[in-house]
Amino acid sequence: MNAQPLLAVSDVETFYGRIQALRGVSMEVRQGEIVTLIGANGAGKSTLMMTICGSPQARTGRIVYDGQDITALPTHQIMHMGIAQSPEGRRIFGRMTVMENLMIGASVADPGHFDADIERAFTLFPRLKDRREQRGGTLSGGEQQMLAIARALMARPRLLLLDEPSLGLAPLVVKQIFGAIRELNQTDGLTVFLVEQNAYHALKLAHRGYVMVNGKITMSGTGTELLAREEIRAAYLEGGAH
Amino acid sequence: MAGDALLEVEHLTMRFGGLTAVDDLSFVARRGEITALIGPNGAGKTTVFNCLTGFYKPTVGRITMHHETGDTFLLERMPDFQIPREAKVARTFQNIRLFGGMTVLENLMVAQHNPLMRASGFTFGGVLGIGGYRAAEREAVELAEYWLDKAGLMARADDAAGDLPYGDQRRLEIARAMCTGPKLLCLDEPAAGLNPRESEELNRLLLFIRKERDVGILLIEHDMSVVMGISDHIVVLDYGAKIADGTPEQIRNDPKVIAAYLGVEDEEVEEVEHEIEETAAAAGGEGTA
Amino acid sequence: MEYFVQQLINGITLGSIYGLIAIGYTMVYGIVGMINFAHGDIFMVGSFVSLIAITALGLTASTGLGLTILALILVLIFAMLIASVYGWTVERIAYRPLRGSFRLAPLITAIGMSIVLQNFVQIAQGARVKPLQPIIQDGYTIMRRVDDQGEFLVQISNMQIFIIVLTTLLMVVFSLIIARTPLGRAQRACEQDRKMAALSGINVDRTISLTFVMGAALAAVAGLMFLLYYGVIDFFIGFVAGVKAFTAAVLGGIGSLPGAMLGGMVIGLIETFWSAYFSIEYKDVAAFAMLALVLIFLPQGLLGKPEVEKV
Amino acid sequence: MASAASPASARRPAKLAADLGVTALLSLAIFGTMVGLRTETIPGGLELQPQWTSALALAAVAVVGRLVLHLTVWSRPEGAPPLLPMGVRARVEQAATGTGKVFGPALLVFALLLPFLPFTDRYILDLSILVLTYVMLGWGLNIVVGLAGLLDLGYVAFYAVGAYSYALLAMHFGWSFWLCLPLAGILAAFWGIILGFPVLRLRGDYLAIVTLAFGEIIRIVLLNWYWFTGGPDGISGIPRPSFFGIPFDRGEGGFADTFGLDFSSMHRIIFLYFLILALALLTNFVTMRLRRLPIGRAWEALREDEIACRSLGLNTTSVKLTAFATGAMFGGFAGAFFATRQGFISPESFTFIESALILAIVVLGGMGSQIGVVIASVALIGGFEVFREAEDFRMLIFGVAMVLIMIWRPRGLIATREPSIFLREKKSVSGALVAQGEGH
C-alpha cells in the first residue's frame, strides 16, 4: 500500500443550487486499485464523480490528486493532470464519428501516442473498429458505452473514473466491459474508480468498495466484505432475488 | 368499481430513428389498484409514460382510458394538454417539474386552472369582479388545503416550491397532480433519491390515494424493494419489451426478472445466488467490516 | 431570361455577403446558444477598418492590378485581425461574465454592446455616410440580347467575381478548419456537450472565445466586400445586415455552417428577385416573412437537425 | 463579476503585467484604428485625420481601469465580504421590496401631486409624461416577458399599431379620443393574436427573432404604404385631446373659459400628464388583478415550466396568446396616447431601438416586478435626460450602462417575486428560484 493515495477526497460537500447533493464525503483511491462506489439512484454517486472533476466544484472540503489540491481547479485543467471520466449517460458526441470521439478523448494526450492508443482501444473493443466512421449517435447503447470508455482511455489517464458502465446494457456486454476494466487494471496498472448501481458485478470486480446513501458514505470495505453484508444484500439483491 | 380496466395499453411501440425504445407492449391498469411498471434503467419506462401522457406520439399501438361512466378516450390521438383535462390522466416527472418560483399553494391553484378559468368567466368576469369567481377560488383553496394536509405540507403552503426539500417536492408534485382530479395518476420514479423517512411518507400518501379515492395509480419505479410493498400488480420491462406481468409474489420469483436486475444471463442466476450465499456464509463469522 | 440571369448573379453576390455574416451567428449560437446581437456591428466595424486601411494605403481604381490585389490582401488581413480583437473583447466584457446566468441577461448585454459599437463608431468616425470610389472596375458580358426594346446585357463584374471567389475560398478553408483541426473538433464538441468537452480536457472558455474570433474575422471579410461592392457605408449598416444574416442563419438551420451559407444565398436571392420583380421597398418584408414562414413550418431550418423535446 | 483571470494569480506582478500588456495591445488595436484614424470626406475621395492623442488616451484609460479593477474588485480573496456587505445588500433588497407597500403608495401620491408642486415646470412635466409612457409600455411588456416568460423583441409594433389606429380613426372619422382609445387597444390586441398565433410554438430565442422581424415588417409597411400611412412623412395634425369634449384652446368654450381660469398652455400638459398617469395605473391595476386570476397564474406557471403546464391540462398556446394579446393591448393604448400627445407620428418613432429600450426597462427593473419597471424607467429615461448636454455621447453611455447593470445584476434591480395568493403569510419568493422562461 502506498503511503499517499492517488486520490483523496475529504469532507466534501457539493450543492446544486440550494440542494445539497454531497454531505461530507471522504474516501480515497490508491494507486493500482479498482474502487467501486455503490448506492441507489440519486444517492449522489455521479455528483461525487463530477465533483472530483470540478464540475460542480465542492463548496467545502478538499480533493487531493497525486499530492496536488485540485478542489478549485477548472475542469479542463484537472483532466490534463491524468484523470479521465466516462460519465453518467455516456455523453457521446452524437454528431461526430467514432474516430472523432476518440480524437476528442485524446485532446490531453501526447499526440505521439495516438496511433498506439487507437490500436489499444480497438483491440479492447473490436466492435468500435468496424464502426470507426459511423456517427456516435447511431451506435447501440453497448457500443456507445464502449466508445465512452475508449474515449476516456485515449487520454492515457492514471485514474479512470467510470460512471455506471453497465447501465442499460445486456448482460453479455456488461461482462465484456467489466472484463476490459479488469484487464486494464491488471496489465496496465490503471487505477479505476467505478460507480455502479448493480452491486454484484461491481463488488466482485473491485478491490474495495464504498456505499453511498443520501450523499453520505455509510459503509466501506473490500468487495467480498460488502457483498456479504446483510444491508447490501437487502437493498440491492434481495428485492429481485427472493 | 375496483378491478375494472382503467387503462388499456395495446401493442405500444415507440421508435426513435433506429432505436426501439418500447417494443410491442400491452398491459392493463385497473381502477383502485397500484400498477407498477418496473425494469432496469433505460428499459423504456419513461418513454411509455410520455406516450400515455401525449408528450410522444407512439409509432404503433393504442392506449385507451375507460371512465366509469362508460366514456372511453384514445390517448394516442389526443393533444397532450387534453389528456389531463378530458381523459383525467395526471402525471409527475422523474426530474421533478414544479413551478419553483411560485409558492406551494400557487402550484396547487395552477393545477385547478380549467375549472377556475370557467368560474372566472374566462377572465372577463374575474377582472370586473362579477360572477362566482370568489366562491370558486375559495373551493379551490379548500381542495388545495385538503391535499396539502394529506401530503403533510400544510406548514409550507406559503413557501416557494423550489425551496422545499426533495422529499417534500416529490409529494407536492403528487398533490398537484391530484388537484387536477385525475382518474389515473402516473408517477415517474416517485421514490428516487428519497431517504427512508421520506419514502415512508410517500408510501403513506400513495396508499391513501388508492384507498380513499377511486383512482388507479400507475407507478414507474427502478427500485424493486419500494415497489413490492405497495403494488397490486407489476409489469416488468427490459429493453422496451415486457418480460413479466403479475402479482408481486409472481414477479419476485420470476427468474427472468432476477436476471434482468442482477445484470446476468438467465442461466447464471442460480450460480450467482449460490455464490452470494457462500460469500455471505464465509464472511458471516467475521462480522462486518 | 437575361434579366433573370442578371438578378441571379446579383443575388448570389449579396447572398455571399449575408452568408459570411451568418456564419458568425450560427457558430456562436451553436456553441453558447445566444443571439450575438452585436455581430452585425462587428461586420460594420470590419467595414470601417477596411475603409481606413484602403484610405491609408491610398488605393484607387488607377492602382495597377498586381498592387491592387496585394493591397486588398493586406487590407483583408488587417480588417480580419482588428475585427477579431473587437469580437474577442465583446465576448470577454459582455458575455463571459454572464455565462451560466439566465438566458435574457446576455441578450440584453448583446443589445447594449450593439448600441455601444454603433455609437462608438458614430462618434469616432462621424455620422455621415462614407463614400469610397470604386477600386475594382470592369467586368464581363456573358449574355447579350437585342430586341425592339433595345440592348440588354448580362454582366458579371470583376467585383462580383472577387466576392464569389473569395467567399467560396473562405467557405472551403473554414469548413476544413471545423472538420479537420483540433480546434474545429473542440468547437463541435463544445457545441454538442460543453460539460463533456470540459471532461475531455478542452478549455471551453478559450474555444468559445476563438469561435467569436472566427465569426468576427468572417464578418470583417463581409464588411470589406460590402464596402467595395456598394461603395458607401455608415455606422448603421450593421443592424439591417445583422438581422438579415441572422435570418439567414436560422433559415439554413442554426448551428450548421453550410446551412448559414445556404440561408445567406436564399435571403440574398429572395431580396434581389423581390426587388427586381415586385417592389424594392418591400424587399426586407419578403426576407423577414420568409424567416417567419420557415420557422413556423420547418423550425429546425433547411439543414438543421430536429430536436426531440426532453420530458 | 466573474473574471477568467483567477484573482489570486492576477495579483502576482508578472501575471498582472502580462494581463495589462494584453489589455494595452488590444485597446490600441481597438482605439488606434477607429479613433486614431478618422476618415473625412474631401473632394474626390477620403482622407485620414490622425487623432493619436485621443486614441492613446483611451487606451491608457482602459489599461489604468483594468489595473484599478485588479487592485480592487478582482483582488479580494474568495470569501471576503463583498464591497457592499451582505447585510446592507439584503437590507437594500428588503427596502426595495418590503417597503414596496409604503414605497408604491408614496410614489403614487407624489405622482398625483407632481403637477402642483412649486418646482414643477413645463420641462419636468414633459419629462414625466415621457417617463410615464415608458412605465406604461414597460408594464405592458412585463406581462409578456416578465410574467409569461415570452421574449418579445418587437413590442414597438403594437405601440405603432395603437398610434396609427388612433391617428387614422381620429383623422378620417373624426371620432373622439375616448372612442378611439379602446379601439386602438383592441386593434393592437388583434394584431397581437394574428402575429402570435403562428409564432408562439417557437422556442424562446426564435420567438425573439421572429417578433423582431414582425416589428420591422410593420415599420417597413408603415414606411412604404404611402397613401394610407403617409409613409416617411408620417401623419400630422392628429387631433389633440379635449377635456371630455372641451378643447384646450384660448377663447370661448375652451377649457380655461369654461372653468373660469386664465388661459395657460400648461392646462393641456397637466391634462396629458393625468391622462397617461391614469392609463399607466389602469395597466398596473389590470395586471395586478390578472395575476390573482387563473390566467395570470397560468402565465407565471408557463414561465416556470411549460411541460408541467401541459401535464396539468393547460392549453399553453391559448395561455401564450392571451399574454401576447394583453401586452399588445396596453402597447396599443400607449400608442394612442403617444399619437394624441405628439400630434404627429411617423415610422421613425417605432424603430427596433424603442423595443430594445422597453425590454431593457423590463429586464433591468427585474422581470415581473411592477415597481422595478418604474425605477428602471425613471433611471433610464431620466438618466438619458441628464446626459442631454452630451448629445453625441448619450446613446453610448446608455449602451455601456445597459451592459454594466446587467453584469452587476443579471436578474434586474428587483428580483424577488410576490406570491399571488397565500394561506397564512405572504412571503416573497427569492429571485434565484424564479425561472425566466428558459427557452420553451
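Just so it is clear, A, B, C and D label the chains in written order, and each chain counts residues from 1 on its own.
In the analysis below, a contact is a pair of C-beta atoms (placed from the backbone, for glycine too) under 8 Å apart; a residue touches a chain by one contact, two chains touch by 3 or more.
All values reported here derive from a predicted model rather than from experimental measurement.
A centroid comparison over C-alpha atoms places C as the chain most distant from chain B. Interface comparison, C-D against B-D: more C-beta pairs in contact at C-D. Rounded to whole angstrom units, the spacing between the C-alpha centres of chain C and chain D is 29.
Chain geometry summary: the mean Cα position of chain B and that of chain C are 50 Å apart.
The distance from the centre of chain B to the centre of chain D, each centre being the mean of the chain's C-alpha atoms, comes to 44 Å.
Between chain A and chain B, the centres computed from C-alpha atoms are 31 Å apart. Residues of chain C in contact with two or more other chains: 309, 311.
In chain D, the residues touching two or more other chains are 307. Of all residues in chain A, those that touch two or more other chains are 18. Here chain C touches chain A in the complex through residues 182, 185-186, 188-189, 192-193, 195-204, 305, going by the rule given at the top. The residues of chain D lying in touch with chain B in their complex are 286, 289-290, 293-295, 297-298, 300-301, 303-305, 307-316, 322, 417, 419-427, 429-430, 433-435. Interface residues of chain C, counted against chain D in their complex, comprise 29, 33-35, 45, 48-49, 51-52, 55-56, 60, 81-82, 85-86, 88-89, 92-94, 96-99, 101-105, 107-109, 111-116, 118-126, 128, 130-133, 205, 239, 243, 246-247, 250, 279, 281-282, 284-285, 288-289, 291-292, 295-296, 299, 309, 311. Those residues of chain B lying in contact with chain A across their complex are 17-18, 40-43, 162-163, 166, 189, 192-195, 222-225, 228, 239, 252, 257-265, 268, 272-273, 276, 279-280, 282-284, 288-289.
Taken in their complex, chain D has these residues touching chain C: 1-4, 26, 29-30, 33-35, 37-41, 45-48, 145, 151, 198-199, 201-206, 208-210, 212-214, 216-217, 220-221, 223-224, 307, 352-353, 356, 359-360, 363-364, 367, 392-393, 395-396, 398-403, 406-407, 410-411, 436-439.
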